[in-house]
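Once you scroll down, you'll see the structures, which are given as C-alpha cells.
Same chain, two partners: subunit A is paired with subunit B first, then with subunit C.
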Partner chain A sequence: MSKGKTLTFVLMDPPFEASRTTTAMRAIDAALRRGVNCNVFAYEGAVMLPFRHQQPHPNPVHGRDAAEEDHPLPREWVAGLMAMAKERDAAFNWVNCGLCVDERGAGDAIDGVQRGTPADLWKMASTSDNTVVVATA
Partner chain B sequence: MRELLIVETRDADEHRGPERMVDLAAGMVSSGVPSTIFLTENAAFAARRRPEGLAASAIAAGVSVAVDHFALQERAITETELESGVDPSSIDMVIEHLSRGNCVLWR
Partner chain C sequence: MKHLNIVSSAYRATIEEQDDTVVWVTHCLRNAGADIDMLLCGAAVNYPAAGQQVAPVTIGGRTQKHGPDVHEQIRTFVGNGSKVMAVREDLDERGIDHRRLLQEVQVIDRKALPSLLKNYDRVWHW
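Let's look at the complex of A and B:
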C-alpha cells in the first residue's frame, strides 16, 4: 500500500548518545523494506551519523577485542539503509546540513551522503507524501 | 487533520511530557480526530498495568495506545503485564501513519 510513496525524516541527535537514533533508523528501515522512498535530512549532531572515521573499539574491562565487542557503528547503519534501498528498488537520499558539517569537521562522510542546506529540507518536505521531525528530547 | 500519531519515547516516571501528550491526544479525540500514542524506548514502561497509569488514562479518554514490541523485549516486559487495551505493535505502525498522510509527532 505504501510502496512508491516518499517520506522525509529529519534527524538531529548525534551518534552514540540517544536511543532515538536507533528507533529512527528502525523506522527508516521499515519504510525502505516496504519500498517507500526515503529522504533523510541530518542536522546538528546527526551529521556525524555517517562520519567515515567512526571506529570499533575493544572492551578491556570485559576482556574482549574489537571483533568480539562488535561495537555498533552508525555509519554502518547508514550504509545498511543505502543497501536496503537498492535491494527494494526505493530511492534513498541522505543530506547532511552543510553548516552543521563545517561546525563539526564532519565533511568526510561515507559514500552516498550529500551536502545540503535547509533549502534542501524544504524541497524534500515539499515533494514528500509526509515528513516527520525526530528532534532531540 | 485525518489522524494523529504521537511517538512517545520518554519515561513517564521521569518526565512530565508524556502526561501532556495524553492531554493533547485526549483533546484531539474530543475534537473528532482519532489519536494514537505509540510507546517506544523508555516510554514502554508506561504500557504496564498500574492504577491510574498513563496508558489507562489515555484509553479511558478514547485514545488508542500501542507499544513497540521491540521496546518491550529490550526491557523484558511481557505482554501479560500490559494494561488492558494496550496493543503490542511494531515500528511499522509509524510508517503506516506517515504513508496515510497522518500527522506524526515524535517526542
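Let's look at the complex of A and C:
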C-alpha cells in the first residue's frame, strides 16, 4: 500500500441518474493514478453502484446492438478502480452502507465491496487527508 | 477534529426513509465519536420549526402511518456538545418566524459564515 496521501469520498447518487457519479468516479480514478489511497463510503442510492446484476443493453434508438452500444456499467468502473489501485500499490476500500443495502436489496455486490456503517465512514474520514462529499441534489 | 455537516437539500426522500438521511448520518457520526455540528441552510432551515406534521400517505392501498419527524431528529441531536445553526436569510426568505424554532438552534447571518467555517477542520456540504 502506498504511504502517500489518503482521500475519502462519500457518494450518494444511484447509478444512471446523475453526472455527479461520473465526475466522482473520474476524481477517484485521477487520485488512484497518482498513487493516492482512496476510500469510498457509498450512502443511500450509491450502494447500487457496485451491484453485480447491472447489465448492458442494446439501444434501438441509437440503432446499435448491445456490443456496439458498449453501455458503461458503474459496477465495471468500481471493479476497474479496484484493479487499478492494486496495480498502483494504492489502497482502495469501497464500503457500502449496510442499512442502505438492505432497504434496496442490493446485497449482491461485486467482489471486494465491504459492508459497513457510518462509524466506518468516520474512521476513514478521521484517518484521511481530506474527504469529499458528493451528495444528491 | 472539529466537523461541520451542512444540510441544504431538505425533505430528501423523507417519506421513504422516515427521516432526513443526512441528519441521521450526522447522529451516527457523533455516536461514533465525531465532534460534529450541523448547519441548516436553504429549505432545511424549516427542520427546527415547531408544528410540522406528516399525514399518513396511502399508495396502492398501502398506508404509511409512521411518518418522518425531522423536527424531533433535530431536537434529539442538539445539545450534548453539538450545535445546530440555521441561516437567518434563508429563514426570512421563507417567512419562518424565528420564535417557532427550537430554542437551542442558533440563527447565523449569512455574512458570518466564512468566519464560522474557519472554526472547523472538516466541512461537508450535503
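Observations on the structure shown:
To be clear about the criterion, the second predicted complex is superposed on the first by the 134 of 137 C-alpha atoms of A that agree within 3 Å, B and C clash if a C-alpha of one lies under 4 Å from a C-alpha of the other, contacts with A are read in each partner's own complex, and residues count from 1 in each chain.
Keep in mind that, in the parts below, a contact is a pair of C-beta atoms (placed from the backbone, for glycine too) under 8 Å apart; a residue touches a chain by one contact, two chains touch by 3 or more.
Note that the coordinates shown come from a computational prediction; the quantities given were computed from them, not determined experimentally.
When the shared chain is aligned, subunit B and subunit C each come close enough to touch A:Val133.
Contact with subunit B, but none with subunit C, is seen for A:Ala31 once the two complexes are overlaid on the shared chain. The intersection of subunit A residues touching subunit B with those touching subunit C, taken from the two complexes, comprises 130, 133, 135, 137. Residues 10, 12, 43-44, 117-119, 121-123, 125-126, 130-131, 133, 135-137 of subunit A are the ones touching subunit C in the complex. By the touch criterion given at the top, residues 1, 9, 12-13, 21-22, 25, 28-29, 31-34, 122, 124-126 of subunit C touch subunit A in their complex. Of all the residues in subunit A, the ones that touch subunit B in their complex are 1-2, 5, 7, 19-20, 23-24, 26-27, 30-31, 34, 36, 129-130, 132-135, 137.
Touching subunit A in their complex are the following residues of subunit B: 7, 9-10, 40-42, 68, 70, 90-92, 94-96, 98-99, 101-102, 104, 106-107.
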